[in-house]
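Several structures are given next for inspection.
Across the two complexes that follow, subunit A remains constant while its partner is subunit B and subsequently subunit C.
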Partner chain A sequence: MDREKSLLFVIPVYNEEKNIRRPVEDIRHVFGDADIIAVNDNSSDGTIQVLKELGVNYLNLPLNLGYSGAVQTGIIYANRNNYDYVIQFDGDGQHKAKEAVKLYDGILTSGSNIIIGSRFLDNTGYKHPFFRKIGTALFSFMIKVLTGKKITDPTSGFQIQDKKTIKKYSIPGEYPEFPDANLIARMILEGYVVSEVSCEMAERTDGVSMHAGIIKPIKYAIKCTYSLLLIGIFKLFGRKSKNV
Partner chain B sequence: MYNLRYIPFVIIGVFAIVFLIVNVKRKKFSEKDSLIWAFAGLILILSPFYMDYVDKLAVMVGVDYAPSLIFAMAFLFVFFLIYRLTATVHNLNEKVTELIQLNSIYENELRILKEKLDERDLKDGDNKS
Partner chain C sequence: MLIQLRVTMLIIIVALFIFFIVMLRRQKLDLKYCLVWIFALLGITVLCIFPGLLDSLSVLLGIDVPVNTLFLVGIAFLACICISLTIVVSRLSARLRKLTQNIAILEFEAGKKEKAGGSNKNSNIIGSNEAGAEKTPEAIKDV
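On to the complex of A and B.
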């Protein structure tokens, strides 16, 4: 295994002053002096101050771009700095660094372009709210129909991507607003190798989830389903889907 | 036959085109975007010439009340405009996102360079003293 290849942790953060210490310290504890880039999505709390205290390299977005915009900024940074791999790591403390080792080892040995940390591949004891469980099952089914591949956790933000994927995601318009099931389906159809490893994840302790409330998850589910349907239509007419 | 009943439409059309040209000259409106509005103005100016044909067209397509056909066409025109504006907003949104992303990366690079320069200045200061 070639662990000398450069790895960058991309942590999108928005109002995570109470949570951000934990993932940063966790990564440092497991990966030593691994490179971390925190992307501050125009937080209104003291997140940036905490990042400075922690001595973490950070990008400061002057306007709020949302989760996808923040993650893509980190990926563009990785591309500009020629990193071999990027691990998307949430700033809310849900992702564990010891599980990131599985992703890293997996991508070094499996030849995959993207590896998703799955909460549902094995029974990890993760408590998934009822409606999200339905959404996950629906997206999983749609990916299976579209690509023939079974993805058990299409909404997981815990992923590792290789250089080819980093280059692809860095292109403007290639990283959609909701980079979940739709993006996975698109990448598989474009010939990228996507696989999963079983990962434990924790529950959020502080702050607000991007899918909090009633309207946001509905909006998310509709947009994601629509994207997947478009991918299906494009596939039917033999065209590569873009921006969905 | 030029029908005098439609003179108000002609006047509105002429005013619209003059207003458009003045704004393009003052750079308040782009040439490219003004084209479609100039076309709309032209349709108003030429209205006396084709209104009789609209009646015939309405009969042909089975619309009993000819002005309804004009409203339908106006609706289609407005929908087309809204579609164009939505596409423009999407393009602008993508460009703004890219600018914001690059801005944050350049700001990061600048900050790191400044820190390195400050460190070097400190070292130079220590060496001199």
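On to the complex of A and C.
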């Protein structure tokens, strides 16, 4: 692998004391001495102790900022330390390090700014809950309408970003609360090259997903649709969308 | 307007006025947010003393029943307050996010510095409008 280019794994963690060991060991097993930064989103369980035991570098947020705030903190850290690439890697064991190799190879060879690990590009056997399937299809369709580009898995948190994207995401207000379909659409419209690589993912084993419950996913879907609509409106009026 | 109603309203206005002044003195309310309410109170006071104003305003706006003018103005005023508050809240949460992220990163770097024995490069703080990396640690201490 190209040692000249530095790679950072950003792992947002919130109450993952039971799960966090696995992804960290997985990354170390596959990537050797890859740099990892965990972002502890003010967990209330023993996540910090586990991170200390693992000897992994971590940022400790004094307030709970949510998934996007935690990821952005890791990206800001990457920007400050001049990393070339950032891989977002969930702390719940959903993502696999051997799949991250595909993302890394992809960005080194393809010239994309962002590569998304997609569960749906090929049939990877990932079982998706019914409502999320509808949501994914809807967001995929909206991105297609807005940008003309087909993104099969717009809600995937498994992504690699290059330096240009890292710089952009580090700016306050440029990384929205729900960094999914809306963000992808915006980045494509602003001229960033976004592509996908087929990736296998595991289903959650322990802990609570950010999409658990009934109200949260609905709220999420509404907010995401709403921001996509806003992007559409901005596009119509030829203005650059911000904070969406 | 009946004299009883006018007196009652004036009493309420005076009570609210005293309330705002007390909140201001205790620094529970910022002057810039308080001013809006104080001006609103003054407006109501004027209407209370000269009820004829409401009638002429209704004629001017083409509203048949003067009390509807009152409702219209009142609702418009409250909507304005709501909008300005949502703007304030959005700005505050963006600032809070930035602050939280900065603290996490600075804390990490301070810890690393301690371990390395104080030999760490000076890097810039995120965002564009900070005065410089050197000033921020003291700012955090003050909090």
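Worth pointing out:
What we mean here is this: the second predicted complex is superposed on the first by the 241 of 244 C-alpha atoms of A that agree within 3 Å, B and C clash if a C-alpha of one lies under 4 Å from a C-alpha of the other, contacts with A are read in each partner's own complex, and residues count from 1 in each chain.
Operating definition for what follows: a contact is a pair of C-beta atoms (placed from the backbone, for glycine too) under 8 Å apart; a residue touches a chain by one contact, two chains touch by 3 or more.
In this text the structure is predicted, and so the values were computed from the model without any measurement.
On the shared subunit subunit A, the superposed partners subunit B and subunit C overlap sterically. Of the two partner chains placed by the overlay, neither subunit B nor subunit C lies in contact with A:137. By the touch criterion stated above, A:79 is placed in contact with subunit C alone, subunit B being left untouched. Within the superposed three-chain model, A:65 lies in touch with subunit B and with subunit C [touch as defined at top]. In the superposition on chain A, A:173 contacts both subunit B and subunit C.
The contact surfaces that subunit B and subunit C form on subunit A in the two complexes overlap at residues 39, 57-63, 65, 69, 72-73, 76-77, 80, 172-173.
Within the complex formed with subunit B, the residues of subunit A that make contact are 39, 57-63, 65, 69, 72-73, 76-77, 80, 172-173.
Subunit A makes touch with subunit C in their complex at residues 39, 57-63, 65, 69, 72-73, 76-77, 79-81, 170-173.
In the complex of the two chains, the subunit C residues touching subunit A come out as 94, 96-98, 100-101, 103-105, 107-108, 123-124, 126-128.
Interface residues of subunit B, counted against subunit A in their complex, comprise 94, 96-98, 100-105, 107-108, 112.
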